[in-house]
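Remarks on the structure that follows.
By written order: A, B, C, D, E and F. Residues from 1 in each chain.
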Amino acid sequence: MSQQLTHFDAQGQAHMVDVGAKDETRRVAVATGAITMLPATFAMVREGTAKKGDVLGIARIAAIQGSKRTSELIPLCHPIPLTRVAVDFELEEADSRIVVSVTAETVGRTGVEMEALTAASVALLTIYDMCKAVDRGMTMSGIRLLEKLGGKSGHWTGS
Amino acid sequence: MSQQLTHFDAQGQAHMVDVGAKDETRRVAVATGAITMLPATFAMVREGTAKKGDVLGIARIAAIQGSKRTSELIPLCHPIPLTRVAVDFELEEADSRIVVSVTAETVGRTGVEMEALTAASVALLTIYDMCKAVDRGMTMSGIRLLEKLGGKSGHWTGS
Amino acid sequence: MSQQLTHFDAQGQAHMVDVGAKDETRRVAVATGAITMLPATFAMVREGTAKKGDVLGIARIAAIQGSKRTSELIPLCHPIPLTRVAVDFELEEADSRIVVSVTAETVGRTGVEMEALTAASVALLTIYDMCKAVDRGMTMSGIRLLEKLGGKSGHWTGS
Amino acid sequence: MSQQLTHFDAQGQAHMVDVGAKDETRRVAVATGAITMLPATFAMVREGTAKKGDVLGIARIAAIQGSKRTSELIPLCHPIPLTRVAVDFELEEADSRIVVSVTAETVGRTGVEMEALTAASVALLTIYDMCKAVDRGMTMSGIRLLEKLGGKSGHWTGS
Amino acid sequence: MSQQLTHFDAQGQAHMVDVGAKDETRRVAVATGAITMLPATFAMVREGTAKKGDVLGIARIAAIQGSKRTSELIPLCHPIPLTRVAVDFELEEADSRIVVSVTAETVGRTGVEMEALTAASVALLTIYDMCKAVDRGMTMSGIRLLEKLGGKSGHWTGS
Amino acid sequence: MSQQLTHFDAQGQAHMVDVGAKDETRRVAVATGAITMLPATFAMVREGTAKKGDVLGIARIAAIQGSKRTSELIPLCHPIPLTRVAVDFELEEADSRIVVSVTAETVGRTGVEMEALTAASVALLTIYDMCKAVDRGMTMSGIRLLEKLGGKSGHWTGS
């Protein structure tokens, strides 16, 4: 196979890969993920968004703040000046599941996939934290990249 | 339902709940999660652990460091002086899947579930980052608490 | 005057003062502060808390998160494991002013005044940030300690 | 009123607003603030700047460092590569008051008002911290933007 | 040799070692280090400490703040609530060398050697930063532990 | 002498110097440093890199992550979006010494010397941390800049 893990040099040592010669272009990434919970927990979260105890509002803020810490958390990520982060939640009652989707953007030399994925993960972890007193068995899943725009590799969409 | 989301007060406003009256006891949490990839990507990671390009070694360090940032990422988490963090990986070839499990411990007034779950998430995100040049479609799933010891609620195990 | 600034040693050099011999006791601090704005801005914030665009909900989260960063921001502050942080807002329509009050608590060897004051400042800065597109002239004032409990100096209340 | 709080989308959900299409221009912001203390405390600080126990020198460093953490503290702030930060203090003996003014600059897609205001707040909090052992009643006030240059909105000065 | 690197488990995998069963005792560590420069640079620093341009005052603050970030920088370090940090400088004119010594203390389950060493390193790096415009060839050396008190291993002093 | 410490203004007050008018150019810095240990410790580290207990692999990751925190640690450093970081180790058996060299790059308005030097220091501190259980007397030395490219001052190499 000719493909390689670019985060390692020819000797197999990790490095932060050189992006200095890449163009500064607009780059977008969209990530998603979900957390499944008991129906009673789901009802609590849904009511909170309308009335009080706004779990999703807090998870949204945590996700945005988390996206800004990506290069501190992921060892070989480049620091990136994000130009936009948006976080949406969908409530799927049939499965007692909350789906998050995050769009991250920059004008820079490397992509923002990790920023979008990190934000999605932090959103789900925050929902877990806020509901864990009533439901420890919640599970996070389906965290993945949905779409990617910009840079040399161009447009990519997940299946 | 008499249960409540403890991160909100009687008016529905978020707060960092009072744990000052709780005893300092030994507390343990075990969390897990997995990332599924293409067979070729899985092979690259597996070979790296034996020879060079050590993806899992780096993901382990990222997870340990991430556990220490939990209270910065999750808005209502208490800062906790972790006394132990251990991270293990299992390579499930049949499913081209890597499973992480994290054990976190403290001697403190509140549990370390979020520290274990955050570490597991950061481990998976780091694997994604290091392999994304060859496989953008990897998916993270099954991130959940496996076990919890200590504190008033005692021993809990996931199903 | 026999009193001294304890953050300096006998040679006038800054240090983080020794609190190792102090008892671990429950310590509470309450701080307050306010931001004054145009009546139209005030109306926007007030409506947001009821319906959408929840400025104060976001400022509350920022304040709680900010309190956890106090020892990183204030050079000679000791790192402190906070056991409780609560943030309240009062809307004073007559003056187009929003008043924040923060209660911080720990069980530790030194007080949490700086944590409460830092949280109050971050709450006000966040309100400024979210409203600055419509009102750049907002002013923050009256940021001070209201009350302090615990430690050798005992109970103190501001005038 | 046609004006809107730009940090919320059409549904009232918070987001980090898109600045990707804005030009990279030189942007300057000047913020101010003050802390009022007992005359004896004021005398201690003033002497320290000349001789030993340099409260203001430490507050200046804290302010510069704080400006670099703005996007971590203020949830919807964009990360900005600051190109200059300067911090000045004026000692107003008649009122036992120390006035800080901060100038922040960048070449970027969005303004640096929050960086200047955050630095001013951190300067005042640091002065409070260093003097609180002798004067718990100090009050911070008048924290506001004085001037703003650059960007689409052009030159703005406070009244 | 029967000794082992405790940061690895029996399989050679890194972990944050379990200190939960250790007693909370007073622990002290003293570290040192030096930076050698051109005589003209040395003269500039020495004059600054007396008059203006206080390089060492700023390096002292940076060292204290750096000590609080140790567990973020050193992957397998436990987070530790420092109870005291003191930083001293000695100016050795004969060698155009500035020697830093840092004392760090905690009441905790593990030692503070890394906190003292990290603070010493940050002090030297800060001196380098502030003088590099006039002297790029400065060299940092002799960074080592001088003394260690507390914990099971008791009192240790360097040769 | 006409040279000046640029981190101070005409009044001797520290500031983050204005780099807004500088061009964005490619900038490279190479730094080095070493840690000397007992021969038995050296043998343990060398074996670990081949088999298990990978001290240098972890130190490399810590160095890369540390380089991204430089502007948080060094008070007057500008935040810089690094475009490349590479870390190499050389094992000098005759002296039981491990030499680290770090190359840092950016496309920006100011140099990356401090990023390279900070990364080198963090690498050495991490090696110390991982080996200190068997060898407390290790010494770090020779931390200095080797080379610098880009910016107005052009190419510089250490003697």
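Just so we're on the same page, contacts are C-beta pairs under 8 Å (C-beta built on N, C-alpha and C of every residue); 3 or more make two chains touch, one makes a residue touch a chain.
Listed by chain with UniProt protein names: A, B, C, D, E, F = Cyclic pyranopterin monophosphate synthase.
Computed from a predicted structure; not experimentally measured.
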By mean C-alpha coordinates, which chain is most distant from chain C? F
Farthest chain relative to chain E (centres taken as mean CA coordinates): A
For the pair chain A and chain F, the C-alpha centroid-to-centroid distance in angstrom is 31
Separation of the C-alpha centres, chain A versus chain B, in whole Å, is 16
Rounded to the nearest Å, the gap separating the Cα centres of chain A and chain E is 37
Touching two or more other chains - residues of chain C: 13-14, 54, 57-58, 61-62, 65, 69, 72, 75-76, 81
Which of the residues in chain A come into contact with chain C in the complex? 54, 57-58, 61-62, 65
For the complex, give me every residue of chain F touching chain A. 26, 57, 60-61, 64-65, 67-69, 81-88, 105-107
Hey, which residues of chain E end up touching chain B in the complex? 9, 13-20, 71-72, 75-76, 78-81, 108-109
For the complex, which residues does chain B have touching chain A? 1, 3-8, 11-14, 33, 40, 44, 48, 51-55, 58, 61-62, 65-66, 69, 72-77, 113-114, 117-118, 121-122, 124-126, 128-134, 136-145, 148, 156, 158-159
